[in-house]
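Structures incoming, each one as structure tokens.
One chain, subunit A, appears in both complexes that follow, with subunit B as partner in the first and subunit C in the second.
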Partner chain A sequence: MSRQDHIREFAANALTEKRVDYFIGWKQGYNSSEMIPAFVTDPAEADQLVWNPLCHHNLVTFIKRNMPEPADAKVGLCVKGCDSRTLVALLQEGLVDKDRLYVVGVPCDGIVDRRKLEKMFSSEITEIEFPERGKVKVTTRAGETKELDQKDVELIGCAHCRYPNPLYSDNTAGPLEKEPDREETKPDWSALEQYESLSDDVKQALLEKIYATCIRCFACIHVCPVCVCWDKCVNRSRQPELVSQKVGPKENLLFQMVHMFHVAGRCPSCGACDRACPVEIPLGLLHAKMNKEIYDMFGFEPGVKLDEKPVFQVFDLKDQFGD
Partner chain B sequence: MAEATNNQASGAATTGAAPGGAGAPDRPVKVVGIVCNWCSYAGADTAGVGRFKQPANLRLIRVPCTGRIDPLFALKAFEKGADGVLISGCHPGDCHYSEGNYYARRKFELAERMIHHLGIPPERFKWTWVSASEGQRWQKVVTEFVAGVQKLGPREGKAL
Partner chain C sequence: MASKYLKSEQLPAFLESLAKNARVVAPFKRDGVTQYEPWQSGKDVELDVLLAKQSPKEYVFLQTETYLKFGYEMAPVPEGAEGEDAVPYETVKVDPQNEAPKQVIFGLRPCDVRGFVQMDQVFGGYGGFYFDPLYNARREATTLLAVTCREPRSTCFCTSVGGCPSSREGADVLFTQIEGGFFVEPITDKGEAIAEAAGAALTDPTDTQATEANEAKLASATKVDPAFDLEGVRDALHDNIADKRWADLAMRCVSCGTCTYVCPSCYCFSINDSIVETKGDRYRCWDNCFNPVYTEETSGHNPRAKKMNRFRNRFSHKFWYYPDKYDSLLCSGCGRCIANCPTRIDIREVIRVMGAPKEAPAASGAVAASAAAAAAVAAAADTTTEGKEA
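Our next item is the complex of A and B:
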């Protein structure tokens, strides 16, 4: 039985038994190369749910403030390894109600970076298939077909994923994936090295260039499963005004730093913000660095243990920071 | 991400980013100090009463507790054109509200590292502890910090 079959079965059973009012998973989008979130309320519709390496959406974002209505609905949802860490982060702070959730964990073998794929072809991609595990077959409108190794077209965070298996779930869709030895292999931030080696002036010029294009659409913030203030967001506030409504590189970078600092200790670098950004701002450049430094300071990885508190909500008298 | 930074990094390199020194305006630097009411602000007061000479470039912002100092205040100051930002509060163990600075020092440490990540040199941001009685220490901290900022000169921040 494939993972997809497991998901369909869990969803159908949960809906039939009225364990949940609706179930959130992934389904095919407007074409065969795009998956989108699916809300299923009828057990008969559970067979529209899919699972494949295009299911990048972090569905935890839909439950972050107990939405949608009614507020007392019981919700089922699928989580991958990285998604489950955002869920654990919400649970650590009591931001969602565990008793109203039914979680299907989906062990994950890596997610395809569709944008990376699109840039490899001059014509529009019409179909993406997965003939066998680890292989991606792409067909374009011009009729071109090409088979690629999944590893070459994965999201940047997948290459060194430490938690491919969900850390919190009620049921698991199929066998677990092989995990790295987390004692042996420390987190890998080699993707940051190139930026980190730049001089201060080049960094500033580069950031100016990157942040000039942000249109302040708030997609990164809305899609972020652990950014939870909504209408109380200081990024929207004019009184007091921390971030100006003006859209320019400085304001935009400050805006993004607000997001970064406010999710510090909760953000596991799930990458949802990167993928949501319409102008392809590499937000991971900030979030990965933040997690690297948090790991260096506390040996802490966000959203891993249910009984832990995020490091900025607690303190230790033995902390050795400052002079 | 790696590719995005790659392309744009080489782009930035060829456009020749002017270093903060060359072409920067010749004026005294502006330094913002964010201090807690109970220790460092009082420490600055002690220094004043003791008539210890201090640099005139420092503008102090008084905040009720070190724990109330949001690292974003520092970034906001940079965005508004500060050449340097100094944060100071009560020594660990001396917080008027017992534990504000224990939370704060975790945040300040992360802030410092992220500020450097943005290409703002270490000399332009400092956080430390000065108590109400340490007028002399206050004088030393601000004199050294402002001198360090002055050495780099006024800041021509391109991003933040």
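Our next item is the complex of A and C:
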């Protein structure tokens, strides 16, 4: 039985038994190269649910504050390894009610970076298939077809994923994936370290260039599963104007830094913001920075243990604040 | 006006000549992302990628526009003043800003142009409504050089909303790519002036080139897939306003507003003051109906408190409220909102489902039923009192 079959079965059962009002998984969007979040209410429709390496959406987004409709709905949802950490982060803070959730954990072997693919073709990608595990077959509107190795076109975080298996779930869709040795390997921050090795001037110029293109659409903030204030977000406050509403490189960077600080210790770098940004700003860089500092100072990884308190909710005299 | 021919190699020289008396804006690819940017000598215009991430609306309707600088200062006490006249008092000095430098936008697409044409109604005082001096000054100073789309995307649906990939509507000049260069059609006086100024860079086209351009236009139009039948959509949206399917469709929307900021015709803005000590800027910046605080009132009440209300507003505004007020759609079928939405909310699907007369089956891919059926359903349907402000 494939993972997809497991997901469909768990969803259909949960809906039939009325354990949930609706179940959130993934399904095909306007063509086979796009997967989108699927909301299923009828058990007979559970067979539209899909599992493949294009299922990038972190569905925890849809259970954060003000999202579920109605607010007290009982919701079933699928989580990958990284997604589950954002769920654990919400649970640690009591921001979602465990009793209203039914969670299907989906062990994950890596997710394809569709934007990486887009840059490899001149025509629009209209079809993506997975002929066998580890292979991606891409077809464009102009009719060009190419078969690629999945590992070459995965998201930046997947190559060094430390938690491919969900850390919180009621059921698991099929066998677990192989876990890396977490004692041996530290989290990977190579992209960040590359940036950190630059001189201050270069860093400054780079940040300005990157953030100049932000259009303040708020996609990053709204998809972020641990970003929960949204209608009360300080970044939206016009009176007083706490964060400038002007759109410009410095103002945009400040706006992003507010997000960065507000999710520090809660963001496990699931990458949802990166993938949502229409102008492809590498937002993960800022969040990786916080994660690295928090790991180095407190040995803390966000959203890992259910009974652990988020790092900024504890005060411990033994904490080491660098040298 | 006579058509012309521009050799591909001549394009940089042509742009160079335009840049002598105006800012030139065109699509460029940077780090794999195509956007409209000011042109500089040596930069290669990107005409193969459809579409640029955003429309070029930001060059006419600025995302941030400071339109007033102000400062508080003490009024000077006139010499020899006595009594009340000698009491110093504070005044506000205001300094209106309205810059509208000449600019030429090259390489925009017919749907981008149509975004301007649709937006013109709202800022241009159509129907006796507000005339916006800032927008109009800039619009007046802008010349639009559109390029026919060669390879429409699967998300394009201009032909379903009355446009086409080689539409001349609103453009000052239309360029169509043919063997070795462009077939150039000046359309307006502004366009003609550009063609004249270009001088020898433009030559007279041969008959074969004219035929080739026509064929290219026909070919591209056939590459746009029909999305829905526009007839009856407005009435169906009206009749379906309380329909439960709005909530179903809105489920995966995250209410971010990306769709409105990439859209060539969304025009909402808010006004802010930014004050440091005694000096300040009054500026407007883009806002949108998905912003959870967009309709929040001072009392704290929000008439569109739920995601579904905001979601419904966007589509209803584009295909119902705006057309009622300005006799024009507020969508040119560019499909940017589909391709850039984090969850790929598909406006075509929304219109197919909610723009279909009530009883008709609304299977994905089906087109709306006939206008007669829509009218019949409209007569029987309930009405609600949802506010239709934009």
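Heads up, the rule we're going with is that the second predicted complex is superposed on the first by the 317 of 323 C-alpha atoms of A that agree within 3 Å, B and C clash if a C-alpha of one lies under 4 Å from a C-alpha of the other, contacts with A are read in each partner's own complex, and residues count from 1 in each chain.
Criterion: a residue touches a chain if its C-beta (ideal position, glycine included) is under 8 Å from a C-beta of that chain, and two chains touch if they have at least 3 such contacts.
Please read these numbers as outputs of a predicted model, since none were measured by experiment.
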item: First (subunit B), second (subunit C), both or neither touched by A:62; value: second
item: Which of subunit B and subunit C A:246 touches, first, second, both or neither; value: second
item: Which of subunit B and subunit C A:34 touches, first, second, both or neither; value: second
item: Partner chain(s) touched by A:215 [first = subunit B, second = subunit C, both, neither]; value: second
item: First, second, both or neither for A:73, with subunit B first and subunit C second; value: neither
item: Which of subunit B and subunit C A:124 touches, first, second, both or neither; value: second
item: Partner chain(s) touched by A:148 [first = subunit B, second = subunit C, both, neither]; value: neither
item: Touching both subunit C and subunit B, counted on subunit A across the two superposed complexes; value: 280
item: In the complex, subunit C residues that touch subunit A; value: 31-33, 35, 48-50, 53-54, 63-64, 151, 153-155, 247-248, 250-252, 254-258, 261-262, 270, 272-274, 283, 285-286, 291-293, 296, 306-308, 338, 340, 342-344, 346, 349
item: Subunit B-facing residues of subunit A, complex; value: 116, 156, 191, 194-196, 198-211, 242, 249-251, 253-254, 257-258, 260-261, 264, 274, 280, 282, 284-286, 288-290, 293-294, 297, 311-312, 315-317, 319, 321-323
item: Residues of subunit A that touch subunit C when the two form their complex; value: 22, 29-31, 34, 36-39, 57, 61-62, 66-67, 69, 115, 118-119, 122-124, 126, 141-142, 213, 215-219, 221-223, 230-231, 236, 238, 241, 244-248, 275-276, 278-280
item: Parts of subunit B lying in touch with subunit A, wherever the complex brings them together; value: 1-6, 8-9, 11-13, 15, 17-20, 70-72, 75-76, 79, 92, 99, 102-103, 105-111, 113-114, 117-121, 127-129, 157-160
